[in-house]
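Here the chain labels run A, B, C, D and E in written order, and each chain numbers its own residues starting at 1.
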Amino acid sequence: MKRYTKKRSKKAWMSPGTLVHIGEKTVDITGVTVIDYNETELREETLHKIEECFLLKDRPTVTWINLEGIHDVQLIEKLGACYEIHPLTLEDILNTDQHPKIDDMENYIFIVLKMLHYNNNGTDIVSEQVSLILGNNFVFSFQEGIKGDVFEPLRQRIRGNKGKIRKMGADYLAYAIVDGIVDNYFAVLEKLGEQIELLEEEIVTNPQPETLQKIHYFKREMLYIRRCIWPLREVIAALAKRESALIKESTEIYLRDVYDHVVQIIDTVETFREMLSSILDIYLSSLSNRMNQVMKVLTIIATIFMPLTFLAGVYGMNFKYMPELEWQWGYPLILTLMLLVGCIMLLFFKNRKWL
Amino acid sequence: MKRYTKKRSKKAWMSPGTLVHIGEKTVDITGVTVIDYNETELREETLHKIEECFLLKDRPTVTWINLEGIHDVQLIEKLGACYEIHPLTLEDILNTDQHPKIDDMENYIFIVLKMLHYNNNGTDIVSEQVSLILGNNFVFSFQEGIKGDVFEPLRQRIRGNKGKIRKMGADYLAYAIVDGIVDNYFAVLEKLGEQIELLEEEIVTNPQPETLQKIHYFKREMLYIRRCIWPLREVIAALAKRESALIKESTEIYLRDVYDHVVQIIDTVETFREMLSSILDIYLSSLSNRMNQVMKVLTIIATIFMPLTFLAGVYGMNFKYMPELEWQWGYPLILTLMLLVGCIMLLFFKNRKWL
Amino acid sequence: MKRYTKKRSKKAWMSPGTLVHIGEKTVDITGVTVIDYNETELREETLHKIEECFLLKDRPTVTWINLEGIHDVQLIEKLGACYEIHPLTLEDILNTDQHPKIDDMENYIFIVLKMLHYNNNGTDIVSEQVSLILGNNFVFSFQEGIKGDVFEPLRQRIRGNKGKIRKMGADYLAYAIVDGIVDNYFAVLEKLGEQIELLEEEIVTNPQPETLQKIHYFKREMLYIRRCIWPLREVIAALAKRESALIKESTEIYLRDVYDHVVQIIDTVETFREMLSSILDIYLSSLSNRMNQVMKVLTIIATIFMPLTFLAGVYGMNFKYMPELEWQWGYPLILTLMLLVGCIMLLFFKNRKWL
Amino acid sequence: MKRYTKKRSKKAWMSPGTLVHIGEKTVDITGVTVIDYNETELREETLHKIEECFLLKDRPTVTWINLEGIHDVQLIEKLGACYEIHPLTLEDILNTDQHPKIDDMENYIFIVLKMLHYNNNGTDIVSEQVSLILGNNFVFSFQEGIKGDVFEPLRQRIRGNKGKIRKMGADYLAYAIVDGIVDNYFAVLEKLGEQIELLEEEIVTNPQPETLQKIHYFKREMLYIRRCIWPLREVIAALAKRESALIKESTEIYLRDVYDHVVQIIDTVETFREMLSSILDIYLSSLSNRMNQVMKVLTIIATIFMPLTFLAGVYGMNFKYMPELEWQWGYPLILTLMLLVGCIMLLFFKNRKWL
Amino acid sequence: MKRYTKKRSKKAWMSPGTLVHIGEKTVDITGVTVIDYNETELREETLHKIEECFLLKDRPTVTWINLEGIHDVQLIEKLGACYEIHPLTLEDILNTDQHPKIDDMENYIFIVLKMLHYNNNGTDIVSEQVSLILGNNFVFSFQEGIKGDVFEPLRQRIRGNKGKIRKMGADYLAYAIVDGIVDNYFAVLEKLGEQIELLEEEIVTNPQPETLQKIHYFKREMLYIRRCIWPLREVIAALAKRESALIKESTEIYLRDVYDHVVQIIDTVETFREMLSSILDIYLSSLSNRMNQVMKVLTIIATIFMPLTFLAGVYGMNFKYMPELEWQWGYPLILTLMLLVGCIMLLFFKNRKWL
């Protein structure tokens, strides 16, 4: 999988604001769903033409337009034109090679987030870009569509009028989306954490050559996750500082709560990274230990049998005049000598604590 | 033990402020004790119903309510409702997967701390979350209940009217709790420090394969401790800055003192970490040194006996015409030659300082 | 290639502002092209004498003078004299051993950038220095001329009146040049990223001694790229802060966009660096693993055959009185004994999981 | 020696300000010496009762009270009561497990320093805590008493009226004490520096297994020194900023001078640390180099003699029909063949540059 | 060479401002040269008595007094007394164990710099301390005198009235000296850079045991250079901020230019350091690779010849009843068997890609 090399360079020297989709097309047709609500009313629709939602622009209710699939450049262009979204923002929405970031564009706030989930085989972690536009009374969310629509639980909260969400404005809705995405990181980290703690046990009890590849795999995943999460802290901090009038005071406390979560997630990622490099150290040391064991066995065997074989060789020589060969007790004597040599060698190793 | 993977993700997409207990249930029934005091009066009670303490709310005395065991969601909800605690705070109290943090909520300050102690086997360090709520004239403390009630010495100081505690307000009580928890870290670090200094001696005099696992064990513990203590510095610094009106000027100097302690503890943790990585370096080097020793022994033995065995092999050949075999002095001559070869080899090694 | 040792020291103790070309002469004659435009008009020329462009100085149109090849000291001196460029600026233009930097000189802004491309063999990354001078209504760009003129796509945008470029001032033109150069980094990083991900696979499936040299090559390239890109962040940040009156408010949002790109590029470079050191770790570990394998094979063979050869040696001795030699079943017995010894050894290794 | 594990935890849950001596009792009776001086007068005394010095409190002269040995809790309590020293300060004086720190207590400044010297064997560096209290017209200094009284040279300067010391106030006296302690670090670092430079030569010319222990020893010492010196920078910086009215402007320049010294000392410590890790790298590499040498010798010997021994073995077989054995030139032929095989092997190694 | 251990500790407990020369005496008599100039006039003299220059003190011309050799304490004391130089400054001039630093003393600015050059053998880099005192209309420069007088090119610029130097004040002269010293670093770094790039090639093509010592040598030199240059950045930054009235606005742009150079030099030093640690990594890996090669050769030889020798040994036994020995084809059969065993072993290694 090529995770670090999206074909972004093709846009070099183009005019800024030229809309080009960078990434993979994951769905055939972009799904557009609209929820329009206030404390008392609720309207929910799946749109077939993007123009249907333009009427909602001037209503005081909160309008949440969710797009799944961002390859349809014209659709996004039209939406942008109606709601006065800057071309640079539209360009960023279409470019899935963004880092988490926040842009305060006066009439709206533009937020880019990365959602993390395991791929279908459950082996690699993939990220899906979610772009949010928070306006005065609307929130647009743009998903790549890799994992399908993950906002259903939130929609149910709105439909069921659970919690404060229907009583609050568009900024609270944006918060709720961000909060859901951030809480989702815990799930990924829990799974990783379990695997890393298993690896830690394995390394102590039974290190294998394959263990090395696992360590490398986890290091790579942590690097990838960190890249996706690290800039998030600044993004949420900027939101929580409420420099824009679009964020109301009542939402601030919730944003600070998300900020705490992000800090904790980053901290967990860093802890995992340290655990992994500690595990690698231990693995390397245990390799050296094993090598020492192997070498000791070899040395003990060689050191015992080489002198013995030499002795046998001496009395296998064919000289005419070798008096010992004639002795009646020559053979038992030499066997005893060999036994002695062997025992001395063993004592020598015992002494050096190699046995 | 799964220290890094509490099931926190189950709360994803829930409404903020939904109260769910995350952690292990350690006691059957939550123990609630109340101490209510001022300079002259003292009332101490163990409550059976949480409602009994609501009357104390408007009295000018300092009220300290201590809860042991935080699995009882309803109890905490009732307490929160009476004292106007924000649902996000209650959520954090119930979630034992918090980092040390401080939230200034205008009418109260919310502090999360981690208490450290060894588990029952004395092998691993476990942390217990302590949440504090410091209000105008009350302090609530919430313990997980892993270690039982550790605040008894403090209660005795209050009962015995030792020191200034009865003369000061709720902020001093909160300080006293924090101070006790922080001082407790010294005990854990002292035990660790002794063990690490022992390990350091062991590594120099007699490194063992098991040593590696000890190093790894300490590295892991330091990582865990650090995670619990590191954020504390900012928490105490924020308290000592006295940005909230709830902290009186007279308490500031005591908070600065705790801050000094925290800085020193963090510094000790970092020193231990550096000692451990230095120990690991030494361990790895001593492994290489040992390997060198083993290899030298092998090489010396092989280099001496291989040529000798070869010589013996030559005169063990069965060629018909081998004049040396017929010589009368052939056998003593060849023995002398072997002795010579052996000595030359030994001299060669002596020369290379391998002996 | 000597990338870090341009002969800069020859200027020591010279007067500041002494114009000396430091670098390689890449073209014979400096090519000077001028584009002069506003929203309605466009004039494009290739100059033979630098004096021809002096008339444009006082026209309100945007004048872009591009020089390819910077060895012609007199030409640059003349241009500098006409447009009141400070001698220190001219000195910096001539010195190709600069780091990216920005100097706000009141009547103009001086920017030094590094363009990156692969050399002709496609093996090493080389940098080409581009200096920009942004004045009130003019932009000067100075290229070393290593790669030829890379600004043609931008000129076509101007000629074709695409995007906003003809409607905006000199600051937007400068932005467009910087943006093009920065976007070009993505191409270099994409190529590197692909190669590094290939290397990562190679390291896991089939590490080779040559792999080591590849890792070293990439580390070197990353070091070189980082040196060229790292200071750029501050340069663009300084531009985007618009402390100079030469940058208009309408350009700010575009500069912030470039800034985001630079941050992302730096982050990618850092990620690649971390991947490379992780790859090196894995490589080293796999070397140790292989060594272990080799040693095990040696040890197994030696441990099985040394005792056997010894046994054969014993019964090859020529003692007169060796009763076993006379036995009728002596030979089959000793063969069976040898088989037994071999099997015991194999079981020993099986037991230690070496087989 | 247990340098990191003073029994500090015994104070957990005690009232703040409870006076407990933490450390070793080094002298039997606390020595109290007083010098009281101004430009013209000088009084010097050794006190037997601490109360004798209380009369000096209100005199305008500078009073320097030096205590050697801090185990006498009551003595320090009395002194504190008379001069209105805060209990927390007294607590810190008695606790020898402090880090260098500064506390501005309005009516006095409290400074904790660490004095470094070699222990009696000259092997380990030990630290001695010196606490200073700088009041309006007095300085108190508290030494642990490990090294005896080191302030004698300073007293002689006062007696001899050398330099400016008699003309300046208490702040200059405090400076002079700090300056002396800091300058003393140079002596320790010089000795260490010489040893490290010797070690560096040793590592290049003749690395030994013992070298490893020396490296570890120095790393440990540097870690210990760094812990004692690092916080000092902030302490002196805080003094030099003259935020307290107790520091006069005329002393500022001297404090800045000490600050420069401290920065230089820290820098030297860091340089030593880097040298040590570089030395360790070199040591490890030279171990690998040696191992390579050993292995090469073994391999050369084995590769030459194994085929030769095999050849000899072949012609030692007892087959009835081995035509070569009957040849008249069989023996010289096989000897020539052996010589050839040996030479070919040697050439092979020559070719691989192993010889 | 003892570069880190100048006998500075002998000054401990001395009065501040006590003048003691710390360093080596490099010339017999201190050379004092004076240049006194303004735009039109120029006076140049070599002084025999320092008092001759005191008359110049009140003239409005720029006076540059250069001292070569700083062991003459009295001479420097007299100069200091005449020009009202603070004793602490004089102390610092005499102490060659300073780090680069700047002291703003109201009536003058004191700057300490380190000049770098190769020692006479061209092997080690040595530093020479240059102290500058910049007053209202004078500059004093103090050289240790190791390399002789290096300011001659600057004097020629003054004599020849080249550039702006005669038109500007004392601050520009100080700048010119600093600039010359800084530009000189490029020469040292160029030489080092060439050597390091050579080393890099060597490491890839033909690593030797001596390479290790070269790497260590360069690491040591970089550490030494870094120590000399690193603090310079702050020194120059402080100058360029023009907080003192002694620096005129017209000089600021030149100081910013020097600042850029220093930043670039530091960056180059850091790049070299990273290259060196990368080279060390590669070196260590190539050692492991070599060891692997050696071990493989040993293992292949041993694994082929041990079984063969065993076989030969079996048929060298002297049992009376060994039927194979009587067979007519026994000898060719056993030879064929040996060939087979050898080939199988070779195939086994081919299979494992060891050949």
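In this section, contacts are C-beta pairs under 8 Å (C-beta built on N, C-alpha and C of every residue); 3 or more make two chains touch, one makes a residue touch a chain.
Since the structure is predicted, the reported quantities are computational estimates derived from the model, not experimental observations.
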- Query: What is the set of chains touching both subunit C and subunit E?
  - Reply: none
- Query: So, what's the distance in Å between the C-alpha centres of subunit C and subunit B?
  - Reply: 42
- Distance from the mean Cα position of subunit E to that of subunit A, given in whole angstrom: 42
- Would you kindly tell me how far, in whole Å, the mean C-alpha position of subunit D lies from that of subunit B? 26
- What parts of subunit B, by residue number, touch at least two of the other chains? 284, 288, 291, 295, 298, 302, 306, 309, 313, 316-318, 322
- Item | Chain contact graph, described as a line, ring, star, complete graph or other shape | ring
- Would you mind giving the ring's chain order, read from subunit B onward, with subunit D coming straight after? B, D, E, C, A
- Can you list the subunit A residues touching subunit B in their complex? 153-154, 157, 162-165, 176, 179-180, 183-184, 186-187, 190, 193-194, 196-197, 200, 204, 253-254, 256-257, 260, 263-264, 267-268, 271-272, 274-275, 278, 281-282, 284-286, 288-289, 291-292, 295-296, 298-299, 302-303, 306-307, 309-310, 313-314, 316-322, 354
- Message: For a test of understanding, state which residues of subunit D touch subunit B in their complex under the given definition.
- Response: 2-9, 11-13, 15-18, 86, 88, 97-99, 101, 103, 209, 212-213, 215-216, 219-220, 223, 227, 280, 283-284, 287-288, 290-291, 294-295, 297-298, 301-302, 305-306, 308-309, 312-313, 315-318, 322, 324-331, 334-335, 338
